[in-house]
Structure formats: structure tokens, C-alpha cells
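Next come two complexes built around chain A: one with chain B, the other with chain C.
Take a look at the complex of A and B:
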């Protein structure tokens, strides 16, 4: 896997020194700043209990951090295809598996940066009630699982997309579809079917778990069943992305070579 | 001679569409083999199969002695300039070549040294630290050649290396290609539409049409095989010149003193000679103009359509 390290290094340089990742994380920090300012000063939001303020900030940070990771991963193959640089990669002795692994790991760097930025906001908003530590630990666990899951989905979409625009659109649509249960009226998610819907969706299950830890002050193991779908989805989709990428990374998108 | 590239009945199908049909040829070490064909002839498919980007539907091939069942080993020994190669706009040429060198297994230091040497070799040493985004078409093509040489390949495949270059750039590129074969001893497969550069540079040619090989051999062999001469230059005594022209009618004749330049227009090459002899005219010399590769190319590719 030596070549995976070389690809990873180059992708990180392209992302961070090229400025694309810096621009995204700058936008992310602006969003968190705005949110923190509103929850600290806006009357309606300021009415929230402090634990809920931390929970809201953390959930937004996890969701947006995962979105950045997904979009970055969705550009990794289809974007390189469109820029005409994929062929020179495929002409090297690096295996397709190594190339995809390097790109998958590089896209996760967006989540790492997003979480690093989040630390300061959660610490600031959670000071005095002793939940900053628990919030940050639950945030990094859930966020990392979701980032791996979504980055893998992004890579899979990118492998088969016929253009970069299609890849980015499909990825965004997929994420929005994952958010649908959060927009349902509370009555729709209260029965066993609603509970199942929330639990089977890694995004809603993960965010629910964070809420239990941060807002309800539950212990780590009390509601750990909510982590089931993120714990299954992250490794499953990562292996799937690597396996499919190792066989199907090609100059053309679509179903056939 | 060692066979650097050998293909046996290699084919590629996309459903019912035959992109390449039974490609068989061999290229020797150190030779420059021109691969010709009109658009859609299967040149790029052939190149992508030989460079292991695509898998053949049938047939077998070897590159630098490595069978096609070991694609990573083939890639390790092959350098390629793809037709539509893209370059990272925000990297410098030096960074790009270092990255490519690392992907071929070189250490950081070795990749750095190789990048500097290659930039020097293709005449980009003074622009090595400039962003590729600022490069002209010719500079990108030279960078592409440098990339193709980053692993010191035994076989170099160049797909339209002179595309979009001005005449000076084309000449410079052909010089580099000759050096790759001459000084490095690498086998070069040169895909191009420019027949003049093939005549000038290649030791042998392979003509593809509709996925099939329609001719292969030296430039002279292929030209002879496919196309008859188009003109003949005849010298007769000056006083017989007008009579000679009349006897050659209706062939188009340009008369200059005792020299007649005759357009054959599909007539047998010896037809003018027969007429002059039958007319009792002394023929002092009779020179058929050798067929050109372009005539052969057109004859072979048009005949097949």
C-alpha cells in the first residue's frame, strides 16, 4: 500500500495547498460562528437550555462536516476524469485499490479539519455545565463514523457517475434523502416504524445518539444501540468502496468499461 | 532482435461494436513504429489495451517481454503520452514529475533528481518551477513526454504528440522522439495523423482501419504495396516532344523542352512507354515517381470504406 500513501500525500497537497479545502473549512467556520453568535445573542435561540445549545451546534457541525467530506469524495474520481488527469494515474504501477484508498483517506481530512474547528465552539458554549468533554467525544465518534460512511458513498457515486456534475448532484441528493426523517413531524417518528426509520438511517441514528449524551446526560453504554447503523455502515461502505474501486476504477463512468 | 511489443489477435468489443479486431504485430527493440489510421480506426483502443488501461476481449500481447496477464509489470516498463492528457494546473512541472516518479516506486530524492534531469532533457528546465496552468500547448506536450520517461521505460507509446503544435514545435518533438529511440534504446509506438512525420521518423508503419490492420511494414513497403505511382517523367529528343505529347493524349502532359511530365490518372505505369515505343519515338529516360505513404494511406482506408 505504499502507493496509497503517495496518492494520499498528493491529494492532501492538492486539497489544502490548492485552496479548495481551505475555502470549504473557512465557510464551515463562518457557519459555526454565525450559529454560535445566534445561540448566544438571539432571544428565541438564547432561550434554549445550554445543553441544547451545545447539542445544536455539535449536530450542525457533524452534519456539515460530513457534507464537506461527501462532496470532496464525490469529486475524487469523476473530477479527475473530467480534468483528464486520471489516465496518467492509471498508467502507473499503483493498483486501483491503492489509488481509491489514497483518495478516500484524503477526503476524510475535511472531517478532521471540521472537527478541529468545532472543538473551540463546543468548548466555549459548553463551559460551566461540564458537558464539553462528553459532547466532543460523542461528536468525534459519531462524526468519524458518518464521515467514513459518506466519503465511501461519495467515492462509489464518483466511480460510476458519467460526469462530475452528476456525481456532486447525486451525492447531495443522497445526503438530503438521509435528512428526510429529521423533517418529519414528531408524530411520524414516535411509533415503532418511526423508531426503526431513525435507527436504520446512520445519520439520524448518530445525531440521536449525540442528543442522548449531550442533552439527556445519558451514559455512553445506555443508548449504544443507536450507534448500530453507523457502526455497520462505516466499515461496510468503506470496504465496498475499496472493493468496487479496486475493480471498476476506469477512464469512463457508467456501468461498463 | 528482441520483440519489445508483440500482439496476437488482440480484440476489443463493446457489445456488438467491434472497436479492435484481431490486432497482430510485433515491434523490435529500439525501433519507431508508426501507428496510422483515420478517426475511429481503433488506434486509441489499441494503445489503451497495450498500456493495460483496457482489457482485451480476446487475444494476448506482451510488452517488454511481460505478458498481458501482469499489467502492473507492463506499466512499470512502459511510458505513455495519452492523446487527451490533462495536467494539474496548480502544480509545477517539477512537483508533477516528482509525484509521478514516486508512483513508479522512486524514493523522494531519486524522484527529485529524475524530475530535474527530465525537465532538462525536454527543454523545460527554466520553467520547471512554474505552474503548469501557465504552460502553452507545446510545453504541456513536452511535459507529457517527460512524464512518459519518468520510469525509464523500455517501450514508449505516444498518442498524437504533435497535435496542436506549430511547425517548429513539431520538429522539436520529432527530434525528442528520435532521441528516445536512438539514445535510450526504447521502442516507440507513435500514433499520429501526420503522415509526413511518419515518413520522416518511423522505421516501420502499421495502418489500422475500422479496427483491423490493413497494412504493415517499412514505409516504402507499405507505399509500394498499396498505391501505384501517379506520375512519370519521360525524356525524349526535343524535336520529338510535340509528337510524343500527341501520342500520349488524352493523358495530361506538361512539356518542358524534351521532358514530359505525365499524370497517369489510373493508367498502367508502362502505358505511356508502350505508346511512345509504338509511335517510334526514342525514349531516353523513363522515371516513375515513387508512391508516397499518403497515397497508400488513402488507398487503404478509402478502399475499406
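Take a look at the complex of A and C:
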């Protein structure tokens, strides 16, 4: 697995010294700044609404952080194919599994940076209402699980996509599809089918768990069943991405060998 | 029958009929609270316990207790849903000359003077006066929970740091590329 570390180092240099990751995190910080400013300057908010705004800020940070991770992962293989750099990577002594592992870990660095930026905003908004600590812990747990899940999905899509554009479009479509249940009216999600839909979707389940901790002030173990699907999806898709990538990473995309 | 007698009969009939149309009170049920004043701080939680007693000779069943929160002064908007997530309780039958006690957990989400009271009504929807308990006077002391003035340095500072880092990296890369190009040019014969 030493070669995976070398691949990871190279990918991190490409991402961060190449400027792409910095530009994405800059855009992310602008979004959170705008949100935090609008919330903090609204004097009509009561105590509970302040907790809800911390929840909103954290959920946006988790969702957008996961989006950045997904898009970065979706570019990892198909992007290298199009830039013509995948061939030289495949010629190195690193195995395909190590290459995919390095790329997967490198794409997760976007989430790490996004969360580091989020800390300042959540601390500022949540310290007065005494939930900054709980919010940050729930954010890092849920966000990391979602980032691993989405980065793995991004890598899988990127392995089979025939072009980088297809890979990015499919990844974005997949993420939007995961967000659909959040737009359903509350009545539609109150029955067993709606509840099941929210629980089985790692994204909605994770965000629901954050809401329970931050807004309702529930204990960590009270609603822990909501973490079931993120806890299953993250390792499952990571193993799937590594297994498939270890066998199917090739110069040409598509389902055929 | 003289017109005067007719008029008197009508007045009497109306007087008898009036209570039937007017709402009647719930029979022999009282609501009491464990305290009538609460002083706390914004964001803290407090509990009000109510005892619903059935003074009648038969079991009181089909009752529902409801918690209400209101501002005692104008200018303060209060949404009771924010104060308690469990405001309606469907009561089990209360045997004759017995009582039941309920605990209401509330979170102080607005600063100021507020009133809390509990009303008991029949579940069958009869038009009767609800039985209410005494008003609990809640005084919530304000405390600063959000420093709006401090957001600007943060909201501008973090993107500025990242913008400088991006610009600095770009300049560094440009200089490195130039140095490599000029080094290669110098090596050319």
C-alpha cells in the first residue's frame, strides 16, 4: 500500500497546488459567509430559530462539502483519461487498487478542507445557544460518512464513464436524485413509506440525524438508527469502488473491457 | 292569556333555554399547577406540573389537556410550538375523586414576560367551557446569544484568506514556470 501513498501525494499536489481545490473551497467559503451573514444579522430570530439556523448552516456545509468531494472523485479517472495522463499512471509500479485508493483518499481531502472552514461559522452561530460542540461533532461524523459514500460513487461513475462530461453530469444527477426526498411535503414523508425512503437514503438520513441533535437537542444514542444507512453505505461503496477499480481501471471508459 | 302573560312566558322560556345554548363547564374537574411564577434565562428549560382532579362521583373520561403560551405584553411574537413540542395530551380516564398529574417541559425561546396555562376539554367536541388552571407567570431574562457585529470579520476574513492563498499559489506557479523556461532556454546551445 506504499504506492497508494505515493499516488495520494501526487493527487493532493495536483488538486491543491494546481489550484482547483483552492478555488472550490473559496467558492464554498463565500457561500457559507453569505449564509452566516444573513442569519447573524437577523435580529428577529428567537432562541429555537437560532438553533435551526445552525442546523441549516451545518446541513448546507455537509451537502456542499459532499458535492465537492463527489465532483472531485468523478473527475479522478475520466479526467485523467481525457488529459492523457492516465496511461503514464498505469505504467507505474502501483497496482490499480493502489491507484484507486490514492485517488479516493485524495478526493476526501476536499471534505476535510470544507469541514475545517465550516468549524468557524458553526462555532460563531452556535456558541450562544450552546450547541456548537454537538453540531460540529455530528457534522464531522455524518459528513465524513457521506463524503466516503459519495466519493466512492464518484470514482465508480468515473471508472465507467466514456467521457469526463458524462461522469460529472451523472454524478451531479445522482446527487440531485438523493436530494429529492428533502423537497417532498412533510405529509408525504410522515407515513411508513416516506419514513423508509428518508431512512434508506444515506443523505436524508444523515441530515435528519444532524437535525435531531442540533434542533431538538436529542442525545447521541436516541436517534442513532438514522445513521444506519450512512454507516452501511460508506464502507460498502468504498469497498465496491476499490474492488471494481482494482479490476476495471483502464485507459478506455465504458462497461466493456 | 293576556299579551303580558305571553310576553312573560316567552322571557321565562328564553331564560330556561339560554343555558342550553350557552356553553356549560366541564362537570367537577379542576386544574391546578405546582407554581404560579417561573423566572429563568433565555434558552433554559423548565417544567410546569399540573394536577387535573376529578371531584365528581363518576369516572371522568375522554378529556384532553392543552398547553398554551402567550405574551403578556404587545410586541412579542410567541409561537407556542417553539416552546413545547408536546402541547396536547389525551388523558386516561380519571376515577371518581381522583387526580392525574402531567409534566410540561418548556424551553424559553423568547425573552420577556409570558403566561402559560393549561386547559382541559372534552374529546367529543361538546360546546362546553374549557376548565383552565391558574396562569403561570414566566419571566425570561435576556442574554446575548448572537453577536451580529462579529460576523463581518469572519464572513469576509475566511474567503479573503482563501482568495489570497489562491492568488499567491498562482503567482508562485507562474514564477516557477518562468524560472524553468528560462533555465531551459539558457541550456539551449
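The rule we apply is simple: the second predicted complex is superposed on the first by the 250 of 257 C-alpha atoms of A that agree within 3 Å, B and C clash if a C-alpha of one lies under 4 Å from a C-alpha of the other, contacts with A are read in each partner's own complex, and residues count from 1 in each chain.
We take it that contacts are C-beta pairs under 8 Å (C-beta built on N, C-alpha and C of every residue); 3 or more make two chains touch, one makes a residue touch a chain.
A quick note: this is a predicted structure, and the numbers were derived from the prediction, not measured.
Colleague: Report for A:83: first if it touches chain B alone, second if chain C alone, otherwise both or neither.
Modeller: Touch status of A:83: first partner only.
Colleague: Return first, second, both or neither, reflecting whether A:6 touches chain B, chain C, both chains, or no partner chain.
Modeller: A:6 sits against chain B, while chain C stays out of touch.
Colleague: Quick check for you: in the superposed arrangement, does A:50 touch first (chain B), second (chain C), both or neither?
Modeller: second
Colleague: Look at the residues of chain A and decide whether chain B or chain C touches more of them.
Modeller: C
Colleague: Common interface residues of chain A with chain B and chain C?
Modeller: none
Colleague: Could you pull out which chain B residues touch chain A in their complex?
Modeller: Those residues of chain B that touch chain A are 14, 48, 51, 53-55, 72-73, 75-76, 78, 80, 82, 84-88, 90-91, 99-100, 102-105, 147.
Colleague: Taking the complex as given, what residues does chain C use to touch chain A?
Modeller: Interface residues on the chain C side: 42-43, 79, 82, 85, 107-110, 144-148, 150-152, 154-156, 158-159, 162-163, 165-166, 169-170, 173.
Colleague: Given the complex with chain B, which residues does chain A contribute to the contact?
Modeller: Checking each residue of chain A against chain B gives 2-3, 6-7, 10, 14, 18, 83-85, 87-95, 250-251, 256-257.
Colleague: Using the touch definition up top, name the residues of chain A that touch chain C in the complex.
Modeller: 17, 19, 22-23, 25-26, 29-30, 32-34, 36-37, 40-41, 43, 45-50, 117, 120-121, 124-125, 128-130, 216
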